[in-house]
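One chain, chain A, links the two complexes that follow: it is found with chain B in the first and with chain C in the second.
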Partner chain A sequence: MKIKRKTLYGYLFISPWLVGFLLLVLWPLIQSFYFSLNNMRITPTGLQFKYAGFNNYLDVWLKDMFFVQELLQFMLNISLRVPVIVVFALIIAMLLNEKVKFQGGFRTIFFLPVIVAGGPVIDQLISQGATTVPMVNQDVILSILTQFFPMWFAQVIGELFNQIIIILWYSGVQILIFLAVLQKIDPYLYEAAKIDGGSGWECFWKITLPTIKPIILINLIYTLVFLANSSQNPIIHLIYTNMFAATRGYGFASAMAWMYALIISVLLLIIFFVFREKKPKRMI
Partner chain B sequence: MVFKKTKSFYALLTKEELSAKERWQLIKGKLVRFFFGFNDRRGFVMKLVIYTLLVCIGFVYLYPMLYMFITSMKSLEDLLDTSIRWIPSALYTENYSQAYSVMNIRHSLSGSLLIAAVPTMFQVAVAALVGFGFARYEFRFKKLLFALMIFSFIVPPQILMMPTYRLFSNLELTGSLKAFVVPAALGQGLNSTIFILIFYQFFRQTPQSLYEAAEVDGASQFTCFFRIAVPMAVPAFIVAFLFSFVWYWNETYLTTLYLTSQSNSLTTILLQLQQFQQNYEAMYPVTENSPNKINEGIKMAGTIISVLPLLIIYFFLQRYFVESVDRTGIAGE
Partner chain C sequence: MRRKLSFILLSAIFFLLIAAGCSDETANEPENGEGESDNVSDEKAAAPELEAMTTEEITLSYASWANHTLNEFLAEKFMEKYPNITVEIVQLEQDGWNDHLTNLASTGDLPDVYWYMGNVDIPIRNGWLGDITAYFESDPESDDILVTMKDAGYFDGEQKLAAPAAYQPYTIYLDENLFNQLNVDMPSADWTYGEMIDLMQEMTVPEQGIYGYNTFTKLVTMAPIVNQDAYGEFGWDGEQYDLTTDWADSMNQHAEYVRSGVHAPFYDTDEAEAAFGDRLLWAASTGRIAMQLDAWWTMGLFAEPEFVDKGMKWVPYPVPQGDNAQSQHKPAFIDFGAISSATEHPREAYELLKFFGWGKDGWTAKLEAFEALENEDGSLMFKHPDGLPLINDEEIWNGLQELLPQSEYVSNFLERVKEPIALGGASHPGFQTFLDEVYFGGEYGDVEAAIINGEVNAYDISQNLTDMINQYREEALEELFW
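Presenting the complex of A and B:
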């Protein structure tokens, strides 16, 4: 009887979320999957469905001019930006973890973008060119890079430099998370390592990094989801325009959104399996 | 050690029995210690590197804000003059007064406050309840439901957008505050998953024996929640309030979807910023005798105005933002 009562209360407490999940996540998911299998037309009398099977999905890959192109660009961007953001966040967190003066002041500065960075604000800043470091000459970097790398790769890296401020601006939350976990590492570990003759470099690789590995995973996933769902993302813009386009409509846009979601999930899974904590093998 | 009794380094150096070579060795040792540190103390070189890096990165972070501020203070002549980069030639606030009237501030500010504050309250309250439910009770399918919750964070909003929009317009929720309050009250607001996780972490850290003791004394489960759990979770509440407020304030994706499609009175500052150019051209049409043309200065002034309320909040409450992760233990134990 006791156990049953606990179950009841548990469900009672989470019931708002449960209702919300069923109504606002699961049901729309099913619906949008259904949409994606149909050609939809908005007529004065209501929505018209025409079953199309997986044609919409084929069209996304074969007939849309931009999707594949944007997707490749996006994957390339993501695979560079996510590591850059996370590594930068880790470096800044480690700098802040040193005993520095004005630690609070620096933290305030590094966390400022989280507060300010709304969609239109960033759009405005990008269009005004406020997000490029003025001292860095893009053309010089690009011309040097093209000597060593193929053009497409050089362009991506050039763009990375071009948007370095925006990229840094996205790392506020990650810095905080890293900082919190760095402060929790037991100082005795470092002391013991030093007595055994370990250098700072070795301490970083053998103590710091393994301890914060789960947090790196969390930050990677957070960054990826954040970038993938941000309104600066061209693919999301593409889905949005297709939704209201006369020739394409809801069905096509749904199919595109599903394909996009699938690809993001695959990326997440890859990250997860690379960085998850491996269970220590038992020695027999 | 012979030199132990000497008071200062200088007195040590000027001791007469030292040869020049020994003196030089002493100075060298001191210098090496000063520059490279010893034991746990960082040397001067290392400190210099750390501070330089911090200041440089800090500058890179602040640069867009500075740029925004400076540009917004420039008149058209200053903008065209390439020799003026950082310091405008005169104090010029015309940009602000123009941007102020274009953005219809009084109206959009109240809209922004409403859209940021009301859903936040619902969202935080529900997140606390759900977090408590997950943390305190054991029930069937708990792990599955927990996984589903995290899954709902990862699902791209675009998939859900169209059916949700249809659902809301069928229920006649669009175009009003309800379109934001209802999802928030059902735990599906903006980033609700993160807040639920914050509360989950927090409530799990409070000792279970407290609740058990209260139960023995005859407290009901809800009394436990309101009298024990909530008062202890004040830091988590503050953090959740602040973040939720900021995220709702900066939200444009949903506001565009729910508010701009209908012509209605509710609008937010960021929506105004999005449509800044059109609004400006409508308000100050280009005529022959008054060549009004939008320029960067006015745009930047608009941007500053739209972030200013958040900046003010931030400077008063930055302690809570910055310490948030430590306080709520998001990073896990």
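Presenting the complex of A and C:
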């Protein structure tokens, strides 16, 4: 079979990504799975392994009292944060799509946190209290919320208010994605709807939302993955702590990471099935 | 058949003799510390001489979080003493120290000599600790080490895998001016634990906003060590922990003092704001605290104008002696060092560890450094010498005392801190893991906070905690030494 020149060029162009993926994603994945099946020691003369089967996976659930606790907290948090971020991103994207003065400037401002507030910078900003709203009194909000909700839920909402700035900072990429799709919507559709007497509100529900629905799914997935991998996520911190813990180590931490990845995958599947594009039923 | 049998028998006897001969030779080797237990005393009695250092050109790497300039100074001195050895100081961030060591170990770059931080389970589990038993036991200088420090580092009771490398005693600072103001006599340097507890109460004057004490170091660490003549935290007697007596007593005592206002309000709380007008103000800098339970390294800080100008005169006291104690055991921050199990030059690495840690030559060099090292602006780098010696050498202790403020308090202090007891994490397998999983992160969350808040009574849980910590130790010894 003769390989076409265009095919070769194609592979050539994606080869940097392929090499990166194989070396920096696939190989570490295989390694971490192998680690998770072993008790591992990092001696000065090399790594030592003692096969443990799936005991590390069992220990994650049975011995680490923080994992389940943090996992439940995380699921509760994302059930609120993911919709907040995506809805906020959509609103801002629609505003940025309007023809206003300094449009480019506004777009830059909303995307800036993605570039500036990453990694250690965000850690510093959080530790210096730059991401909280000084006017918002957490205790007052909590006391009001507890009148309507049980304490565990009130705390989650209270935390949402407390970290609202940082949550909104996380929406830069989503805004960009929404903006791209909003610009693709044919303006004639709106024009035709307006001629037929459709209001802006109706245009949003009948034209905008159905058109961007697949992108909402992408943004939901992106946001969930982003929050799941965030350095601010306590589970990531827990995995890191276990990695260097004396009696647990890389094997245990790898098992925890795999369990966590599995749960995130299940959540992603749920989101996918809820928001996927359903094929229209054939008219008889 | 008979000839065959004879041949097999003869061969068996022949190999047996060879094997016996070989094992005999090994047992007589001076550097081998792992012999049959009955031979150990004989070997000790023979006191084999410390083997000679190499004369070849070698390089040793060293990592500790001590002052980098001091490390470089000491490295220079070591290289002057052993011109064929080059010492390279490996600089690592103190934050996440053990993680950095793990990364170095994973690439085969663990320094030849290094300090580990806090949790001894990490270097043991990962097999980083080189055995220095033979060197230590045949080194005449080992006899000079402070008596309570000699056995430190024998984690399994047989092999010496680490050694104390730096010593900062627990220190209780008393504000002499506040004592004078309240017309209360300063206690004797030989004060007892009970006297200290009474004095805390006596020095509390709510109407003047004066508090008996503030803590960095804790009563709950001190009491079991000083009152039980213990060899470790939580009443460790060399074989078992026991939290049922002094730990429980002191924990309840502290909780009661916190609730009744003998203890100063905690940092960054509403109570601190109400008391001092600033929730982020360190209680010890308010001039309204009679005793600050702290460490030796704060001595230099308390001599700063920030404290003196506010009218405070903090003077150091040793942790009081136990009420019925036979010893002078006092808790101390002891940093441990070790040689890498993979070092190609264990004998020389041991010498380097000793020089930077407890060795007399090293301490002579340190004293020189404390006097000589300067900052870029010409000011003295060590206004207050860093730590105390780990050896019982009068010359070194006197030399250090000359560098310290000439006061009776200081000389009394130095005379009474020669039986330090290391904290558990760095010196007892399983201890830190117990703290992480049970004491600070178990059923009650932070046990001490739960007791202070009145959620549990120390006496109700002390037996359970005792059982658990003893179990953690046993499991750690089994699990860690595989």
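The rule is simple: the second predicted complex is superposed on the first by the 246 of 284 C-alpha atoms of A that agree within 3 Å, B and C clash if a C-alpha of one lies under 4 Å from a C-alpha of the other, contacts with A are read in each partner's own complex, and residues count from 1 in each chain.
The rule is simple: a contact is a pair of C-beta atoms (placed from the backbone, for glycine too) under 8 Å apart; a residue touches a chain by one contact, two chains touch by 3 or more.
The model shown is predicted, which means the values in this text are computed figures rather than measured ones.
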item: Touching partner for A:A257 - first (chain B), second (chain C), both, neither; value: first
item: Which superposed partner A:Q183 touches (first chain B, second chain C, both, neither); value: first
item: Partner chain(s) touched by A:G249 [first = chain B, second = chain C, both, neither]; value: second
item: First (chain B), second (chain C), both or neither touched by A:Y170; value: neither
item: Which partner reaches more residues of chain A (counting touched residues only), chain B or chain C; value: B
item: First, second, both or neither for A:Y57, with chain B first and chain C second; value: neither
item: Partner chain in contact with A:F74 - chain B first, chain C second, else both or neither; value: neither
item: Residues of chain A contacting chain B in one complex and chain C in the other; value: none
item: Touch list for chain A against partner chain C, complex; value: 41-48, 50, 65-66, 244-247, 249
item: Contact footprint of chain A on chain C as seen in their complex; value: 98-99, 102, 105-106, 108, 110, 119, 121-122, 124-128, 340-342, 432-433, 436, 441-442, 476, 479-480, 482
item: Complex interface listing, chain A residues touching chain B; value: 3, 6-7, 9-14, 16-21, 23-25, 27-29, 31-32, 35, 92, 95-96, 98-100, 104, 106-121, 123-125, 128, 130-131, 133, 164-165, 168-169, 176-177, 179-181, 183-184, 214-215, 225, 228-229, 231, 236, 239-240, 243, 250, 253-254, 257-258, 260-261, 264-265, 268
item: For the chain B and chain A complex, residues of the former touching the latter; value: 42, 50-51, 53-54, 57-58, 60-65, 67-68, 71, 126, 129-130, 132-134, 136-140, 142, 145, 148-149, 152-164, 166-167, 183, 185-188, 192, 196, 221, 225, 246, 249-253, 270, 273-274, 296, 299-300, 302-303, 306-307, 310-311, 313-314, 318-319, 321-322, 324-326, 329-333
